[in-house]
Amino acid sequence: MDAKYIALAQMAVGGGLMGMAYALVAYGFQLTYAAGKAVNFGQGELVMLGAFTGISLAGSGLPYGVSVLGAMVAGAALGWFVERVAVRLALKQHNEGWILLTIIVGLFALSFVENIWGRDDRPFPVPWPAAPLDFYGISVTWPELAIAMGALGIMIFVELAKRYTMAGIAVQAVSADPEAAELCGVRSSSAISLSWAVSGAAAAFAGTVIGPVTTVGPTMAAALTLKAFSVAVVAGLDSGFGLVIAGIALGAAENLSGYVLGSGWREAPGLLLLILALALRPQGIFGKKIIRKV
Amino acid sequence: MKASRSILAVLLATSFSTVAMAADVVKIAITGPFSGGSAPMGVSMRDGAKLAISQINQNGGINVAGRKMKIELIERDDEGKNDRGALVAQEISSMGDISAVIGTVNTGVAVMGDKYYVEKGIVKIITPAAGSASMTQWSKAGVKDLPIFRFASHDGIQAQMVVEKALKLGFTNVAILHDATNYGVSGRDDLIEQISRQGGKLKVVSVEKFAIGDKDMTGQLIKAKSAGAQAILIWGIGPELAAVASGKEKLGFKVPMIGGWTLSMSNFIDTAGASGNGALMPQTFIEDESIARAKPFIQAYHKAYAVSRIPSPVSAAQGYDAALLLAEAIHEAGSTTPSKIKLSLENLKVTVKGAIADWKKPWSKWNPSNVETHEAFRRATTVMGKVQNGRVVLANPSEKFVLEGTAVK
Amino acid sequence: MLNVENLRAGYSGDDAVRGISIKVAEGSCVALVGANGAGKSTLAKALCGLLIPRAGRVFFDGKEITGLPASEVARRGLCLCPEGRRVFGPLTVEENLFLGAYPRLPSFGPFRRAASGDLQRIYGMFPRLGERRLQQAGSLSGGEQQMLAIGRVLMARPRFMVLDEPSMGLAPVVVKEVFEAIRSLHASGMTILLSEQFARIALALSDRAYIIERGSVVLEGASKDLAENPAVMAAYLG
Amino acid sequence: MFTGVDLGLKENTAERIVRIVLFIGLGALPAFWQGQYALGLLTLMAVYGVLLIGLDATVGYLGQVNLAQAALFGLGAYGTALAVQAGASFPLALIAGVIAALLPGAALALPALRLEGPQFALSTLSFATLSVIVLNESESITHGALGLSIVRPSLFTVALDARGFYWLCLVVLFMSWWVSQLLLKSRFGLSIEALRDSPTATDALGIGTLRHKVLAFAWGSALAGLAGALHALNFGYLQPAAFGYDLMVMLLLGVVFGGRRSQWGAFAGAAVVAMLPNLLSNRTLFSTLVSFGCILTLFPIFRSLISRKVPAFKEAAPAVAMAAALILSLFANNVEEWRKGIFALFLFAAVVGLPDGLAGAVVSALHKLIRFTPDPLPPVSGGFRPAGISVSEPLHVLKLSKSFGGVRAVDNVTLDIGQDEILGLIGPNGSGKTTFINLVSGLYAPDSGTIEIAGTRPLPGSLMSASSAGAARTFQNLQPFSGLTALESILVCQHDGGKSEAMGWLRVVALEEKARQRCSEMSYGDLRFLEIARALATRPRLLMLDEPAAGMSKPDIARLVDLVVSIKRAGVPILLIEHHQDVVAELCDRVAVMDGGRLIALGTSDQVRHNPKVIEAYLGADDDHTSVQSKSEPQLC
């Protein structure tokens, strides 16, 4: 094959794999939005905290898998905490305060990490082989593959749990009609807390698989949050696996436009498309149309 | 009512006070990014300077016209942001009793803020910001009397050395990669200028940039690789440099990286790991205790801040030496007045033994047509360093004499 | 079994329920009859905890449940089948039914076995739900949704069912089917409070009834007697 | 109880006096408070003030999270800087800045403002990121990351020094404040507030949602450009990176902290944004401030402890946050390094403890201390005038259908309303009446069938289009403009006429005494009447009332009946959904009955009452073959 096309394919594949990372973080947005119509703008900070927790656990000699699990437990606790202190109150007052409160909690997390773990980026040690894989001239590293597998894995796991456990079905019920769910004996607030905890665990998991690719640092959150938020909104905040497609598309589009137009323009076409997509389909490409009731 | 009035009084007094406190201290300000992306440089610089100052204070302070005066520090975080930097400069320059300022990492901050020092005639030693614009802005403006000095191997020197090294290694085709900040862009311009100045023997086959925070450099590297680059000349800071190194590894693109001194930052070396080996960069200082001159400083730093490695050794050593030079200038001026300190900085009589070198009259009277008059570093005081197994070592061990050097100029 | 004392409730502005007292004995079927907007649904919601009453008290099994959250009321066995059906549209019929039994089922463990007996019973009662068990509830017709809503409540094994406007928006044929189901429930011993705008059918089904107009009880008594009362005619067309 | 001192002041006058005093004070400040730093901070505060007043137009008044303001600020700054480089004079450079932000702002507004909530936030965020990319990459024009240096031109031969420039910024701030105030108190501003409370109602009443949103956004953008112009002239050096995410978050926090929907709030926010990072670098001052804040947050806790309640989360959280900040500011090894965290705690306490922001808290405190004299009510005039052209067929609906999910809500309905007619639409709950009105008024687009209002066919699914065809409606669930007064609610709905005409409409519904009451404080019955007055103020050719008597007391229902009769007399045909059969019988010329989405009967009230289909629909299942009777239950009738 022509070297030029191989290069383009390399860019698309690399971007798509990174796009899975966006989708994974976006999935966290989706989980909380479905349950309580709120998203955590500090989600990126949860990813970062998860990554740092994972590094610390791995650094204390625990095997990788155990560190990941530990980070997820910590992430779940944090997700629950954010809902409790920042979101529930503001939603009760019916204002947009929760947007700011989640940003503020994220800011605190950033400061906390800077002072506890330091400001430097650091590599995340992983047990995977260091040498990249080669598919017909396209290199893919193991950590990149781990993102894709991990993202799909956790999404499938949570989606299955949503379908095949009562807690999951209850969360869906609360998202469809909280009052009717209450009538079934489901405590809406617990269901919402649960989805925030799962969202937090997913974020922490994201940190442990994204960290090995991007390195781990206090500022790793900012870029991720924005990209993931874009993916979540464009796919539709209630669209399940639409995220994966939107994520891969955004990641690949970024890489390809950076390659073709020059690296400074990397994000531009994606953003332009995003504004257009929203203008044409406000509920997201895969989202369901909202019926206004009066 | 009374209580609230007194609180108000406290607020006003503490925030807006311009009255000098005790008269037997010398007030020096340190500014730089102590938070955010370039914090490792800012913090190392600050801690290096503070180390020098605490050593001076432990010895009773500076002898100013027969009086021992302790140094009082004022620290301001400019967060690496230009307008915040400008406000910090405004604040410090209107304090009224500041003798001198040390600092600045980000060239943009220097460009935006230093004019306030110049207006007030306050002495500033820029370190470790290496961007050319920090000094050339004054020669372009034709400023006659400049209180700004630089204590860093500026990009002009560094670019010169990088190009020399590439030529020496026998390369003909190179790619330039740089970050999208002021530092990276001006570094790119310096490199291109140096290539033509050194005979245009290097062909730049690709120029690519990357943004702060980018982790995936495959696109830039594929272009460089397919254009046939034999080396990558690079201007950026730690985390992104590491991403370039690991991207090269991923693509199996085994060409050397030669770039600015920032390739010695720990956040590059640690993050890049094995893929960072072999990166070459100009150094004014290497954290290597086998160098006799550097050893006491390195040990003192490690002890004072309980670390085993300095985040940015160059910044730390430059901050340390800059503080020593400033203290000497105040002593020689016999005054805490900035204008007098400026005069003695331009004409230092005593050779100052620093962690980097013995500094003998590093600066001279400002000449707008020659920025070198206020630049302390020369080509000859800078060596090529190389990353090897997580440490920076001399690329050419025979250059060790430069770092051990007894006298410069 | 249920004892409501002088309940007042409403959303905004004036009370929609203005001091209603009702009693429902165990095993009986009591109807709340009245035109649209008379306050029946508000009363039902206030009973079951979806709406916090402004005054008055509600006792269930002799224990006060005024102001308890709806989930807690439901867990005590007082279950509301709400107005407008309120099935979970995106979920399947079967998932809707499982949700009815939510408090009994393990949150994270296998739950199908635990509920399968009840599920079969519901499918026996409403065979069409069985046929559509894996279909999304939102795609069902109105009558099927109403059956699903009733089935969902039954899954909770309630001791007391409040049915709010089960006939709403349904075609007459379907209404008959729904009421047949309610009748057989009552026959099997379930205690029922039925809020219904169709007076004839409600009175035919119930033992006792309250006629409600503008938030107050205007008539009460045995359904048989009320069915012959001329004032009742005025209540449902006026 | 203490009700406040009556100073005989009108609130507006008082506000104006305080504002003028503030500006004179700020203008005089450099005389007392010397130094470049002070001037620098004050200038920055004035520039941010302009910027935040602009941001408040979207964040406060439109109620949307706008993340583009920092980028628009940057675009304005670059516009000015480039104009200066091209040799433009001072005023021209300012104008260039405004245009550089206004044009892209308006271009963004068109697609973005169709969106709400997270989607809106995201589109503005994308725009912001795009702008910074363009500024960074257009190296030949903007010098990209190297930055653009300019020298401030002189203003009409006067070379401004730092103090002169500060005064200029202050004047610009004052003007922006004043114009914003005028604009947002005008009908335009009222419309914006109305559409935030209920976009459905504003569209249905023909006020128009998008147009106002775009204009408000454009005004905000213009101010961003102006602020950017001042910023460029102030610092003389620009870099694209300065206008990114960090600044945006600071601005957003500034607006919320200061208090939304108030120029005072924007100003307070600007002061905080400008001063805070600088104050935080001074440890003593900072600890003092934090202790002060800590004491303030303890008050609500004491209050609830005195009234023997467990302090709610809302009261306890700010105190906890402030206490944590105090501990950090006193004991952390390096406060500088914890600054962001302390800053976050600070903001957390403010956002939770002061939901209306600094300005909101101060205003409500002042209202407790001082009683202001209300403005006199405007005189009454107008009222019913002939309702324009009377049309022979105000409403013509043909074979209209609409389903939701598996449910056919409206099924093949054909219906006309004649001139001077009141048509009652009745039917059991869930029979599709409200869906029918929603279709006619354009809230939903029909699946099939046509709607003709006063001879024109509005666009399907467009409230605005139906309204401009002449339809007006009320809502079953009230859609009040909660932030407006009764008078203002009418004013926004009027296509012509002023306050006295609006008072006229209030008199029609006997609410003129409550003209100054806020809708959020009005009783339910009054709001129902106000909705009718709102609809009338649009001078409709067809009025649709959706359960106007629901939840009303008996005397109010009598009032309603009189009102509807007088509306009919004035020549407005009415489609009336009503549950109260006596009301229907009394008012309606004809009655249409719906059941299960279908129209089952149409005729006079009496005809319909005796129609067997209707009786069946209302009584329930037919007797003959129900299982109910087959089990030998007691029979009815």
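Should a chain be cited, it is by its letter among A, B, C and D, assigned in written order, with residues numbered from 1 in that chain.
As a convention for this text, a contact is a pair of C-beta atoms (placed from the backbone, for glycine too) under 8 Å apart; a residue touches a chain by one contact, two chains touch by 3 or more.
Just so you know, these numbers come straight off a predicted model, no measurement behind them.
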item	value
Per Cα centroids, the chain farthest from subunit A	C
Distance between chain centroids, defined by C-alpha means - subunit B, subunit C (Å)	76
Interchain centroid distance [CA atoms averaged], subunit A/subunit D, Å	32
Whole-Å gap separating subunit A and subunit C, where each centre is the average of the chain's CA atoms	42
Touching two or more other chains - residue numbers and ranges from subunit D	136, 337, 339-340
Multi-chain contact sites of subunit C, meaning residues that touch two or more partners	89
For subunit B, residues contacting two or more additional chains	35, 180
Interchain contacts (touch definition) - all pairs	A-B, A-C, A-D, B-D, C-D
Sites on subunit C touched by subunit A in the complex	48-50, 69-71, 74-75, 79-80, 82, 86-91, 95, 98-100, 102-103, 105-109, 111, 152, 156
Subunit A partner contacts - residues on subunit B that touch it in the complex	35-37, 39-40, 43, 180, 208-211, 213-216, 218-220, 222-223, 226, 238-239, 242-243, 249-252, 266-267, 270-271, 273-274, 311
Residues of subunit D touching subunit A in the complex	63, 65, 108, 111-112, 114-116, 118-119, 121-123, 125-127, 129-130, 133-134, 136-137, 200, 245, 249, 252-253, 256, 313-314, 317, 332, 337-345, 347-348, 351-352, 355, 404, 434, 438, 443-444, 475-477, 479
Subunit A - residues contacting subunit B, complex	3-4, 7, 10-11, 14-15, 18, 114, 119-123, 130, 132, 139, 141, 213-215, 217, 219, 222-223, 255, 258-259, 262-264, 266
Subunit D-touching residues of subunit B, taken from the complex the two chains share	7, 10-11, 14-16, 18, 34-35, 75-77, 79, 81-84, 86-88, 90-91, 93-96, 108, 111-112, 115-116, 119-120, 133, 137, 180-182, 184-186
